[in-house]
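The two complexes that follow have chain A in common; it is paired with chain B in the first and with chain C in the second.
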Partner chain A sequence: MDQISINAVGRKELTTYTEYPPKGYRVRISTYWWLGRWAYLKFILRELSSVLVAWFVIETLLQVNALIAGPGAYQDFQGFLRNPVVIALNIISFFFILFHAITWFNLAPKAMAIRLGGKRVPAILIALPNYAAWLLASVIVGWLVLRG
Partner chain B sequence: MTKRSNEPLLWLLFSVGGVVAALLIPVHLFLFGIAFPLGWLNAPSYDALLALARGPAGRVYLLVFCILPLFHWAHRFRYTLYDGLQIKHLNELVNTFCYGGAIVGAIVATYLVVRIP
Partner chain C sequence: MAEQIALEVTRFSPERDKVPSIQAFDVPLRKEWVVLDALNYVKDRVDGSLSFRWSCRMGVCGSCGMMVNGEPKLTCATFLTDYAPGPVRVEPLKNFPVMRDLIVEITDFLGKLSKVKPWIIRAKKKPLSEGEYLQTPDELDTYRQFSMCINCLLCYAACPVYGLDPLFAGPAALALAQRYNMDSRDEGKSERLDILSQHDGIWGCTFVGECTEVCPKHVDPAGAIQQYKLTATQEWIRSLLMPWGGKS
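Moving on to the complex of A and B:
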């Protein structure tokens, strides 16, 4: 139902009554807003790293499946991993996931503002343990896998 | 009774999965996805890899390695679609696809890990 109402300035306005009250004025944002600025694009690229995380989990599950199926199936799967398209996808994934890891580790100092003796502890000192844990985890996994 | 939001749990899974993905996927991906296929390093034998995977620690490791990063993907990808494409009207479909996908992945991972001989 439409109704004419008079606002404070005395102008006539056409008011439409809807079931829910209007949520106020909202600027329409383009679907491609994240292409406009490098910082926005970086945000979307970081978010998209999650797709490659999922891809690598699937690849790992396929590898476990081949491991269950026996040595022959496992060899076949190694052949699949040597496919240039798969290698290219894995190299792209590697850079995306490095991007995820670095942005993730660097978040810690932003989330924790630690003060010692009235001074804020430098960001690098809070991020550093993350990098140390990363190095340690990589060395342990590398050692376990490569000694075989 | 007010309906409790699942958001804190989903965010926690996203966050823990993000840590697991950041700490462990780079080395796995570098070794199994790049260095071994390209012959930069000698790949472990079938028996050596099976020996690593079949122990209790190996099985738990594989479950953590697969399941938590899947929930990380689900949450982050959901919001990528939400913020990036502004497809609010498809919210339910997107949520079902993302969290449903992660749940299916978790079931498949558990099934496979239990079946390691």
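Moving on to the complex of A and C:
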């Protein structure tokens, strides 16, 4: 039960502990809190990058769709890709995806505390295979694209 | 006269003020002085009503956490000379209600801390006569880092998620839960999982990572939470694949 008593300055107050005490001044957080600090801004950019990742996924699906629909549709799609706005968007997306991938791989060792022989495996050994797999996938895709 | 540095301190009296204000003091700039020494100088010589918490003066008790020039710091481990020529701005820890001057209200954290059951849970306690629960140095090493927490709450001040969503359990409480989860003597993992895998638990964390940056004890709460997310996901997959199997 909450108890109400009169404090030293003659005001009513709760004397029992409550989870969220009614007293105390709460500083309001600005809507732009993420602008004040590089680490926060980096975080927001990282979150934002997922939108552009989604854009690439949609674009790829559209491409597959056009491919299935036949040569005419595919040419239309290529025309769409040549649009300067789309080119700009794709360039921006590319850098955001690089940023996303690199930060993601660098975070991986944080989540994986693998221990071998009583010692924690160093971060670099967990991040490296990720980078290697990325490189391999890029080489394969590059080879497929440039081959023909 | 010795060199001086300007100390800008938040003042707030719940009886008198609607909003906090800043008061500036000139304090001696001594090589061996930390920010806490400067605050004590003001309290002893200039204005005895200045209120702040401290105890050990050696980075152990965790009570002297404040914002120093916008960064959460242990004021007993933050040298004035690093901020010369000044001014040094000292404010109460961010994301907590201010009670008076530099003192914040931390009941919210204490409630969350006890919720995650940061103690060794045993299914059945063995009698004292059977001796202690033994642990190898390697087993100790798996959680040692997380056990270094001094509850200074710098990580809460650095965490925008906690600032925006006061229901979020927060870095230190989650790191301490993980500390007990990883303890070879503990058998309370599944009990904690139910609490921690809720939205306000580990999944509230969006991995900003600043808690780890500001932690004076190198606890790495961000790492602890991500590791715990991995465990929780594994548990979830296991419960999907083997719904009849008991929780491990």
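One rule holds in what follows: the second predicted complex is superposed on the first by the 111 of 148 C-alpha atoms of A that agree within 3 Å, B and C clash if a C-alpha of one lies under 4 Å from a C-alpha of the other, contacts with A are read in each partner's own complex, and residues count from 1 in each chain.
We adopt the following convention: contacts are C-beta pairs under 8 Å (C-beta built on N, C-alpha and C of every residue); 3 or more make two chains touch, one makes a residue touch a chain.
Remember, it's a predicted structure, so these values are computed and weren't measured experimentally.
Colleague: Which chain makes contact with more of the residues of chain A, chain B or else chain C?
Modeller: Result: the larger residue contact count on chain A belongs to B.
Colleague: Examine A:27 and indicate which partner it touches, taking first as chain B and second as chain C; both and neither are also allowed.
Modeller: A:27 sits against chain C, while chain B stays out of touch.
Colleague: Applying the touch criterion given at the start, work out whether A:47 contacts chain B, chain C, both or neither, answering first, second, both or neither.
Modeller: In the superposition, A:47 contacts both chain B and chain C.
Colleague: Taking the contacts chain A makes with chain B in one complex and with chain C in the other, which residues are shared?
Modeller: 29, 34, 47
Colleague: Note which residues of chain A are touching chain C in the complex, please.
Modeller: My answer: residues 9, 11, 17-21, 23-27, 29, 33-34, 36-37, 39-40, 43, 47, 107, 110-113, 115, 118.
Colleague: For the complex, which residues does chain C have touching chain A?
Modeller: Residues 12, 14-15, 19-20, 70, 94, 96-99, 104-105, 107-108, 111, 138, 141-142, 160, 163-164, 166, 206-210, 213, 220, 222-223, 226-227, 229-230.
Colleague: Under the definition above, what is the set of chain B residues touching chain A in their complex?
Modeller: 18-19, 21-34, 36-38, 41-46, 48-53, 62, 65-66, 69-70, 72-73, 76-77, 79-80, 83-86, 101, 105, 108-109, 112-113, 115-117
Colleague: Give the list of chain A residues in touch with chain B in this complex.
Modeller: 29, 31, 34, 44, 47-48, 50-51, 53-54, 56-61, 63-65, 67-68, 71, 74-75, 78, 81-82, 86-87, 90-91, 93-94, 97-98, 100-101, 104-105, 133-134, 137-138, 141-142, 144-146, 148
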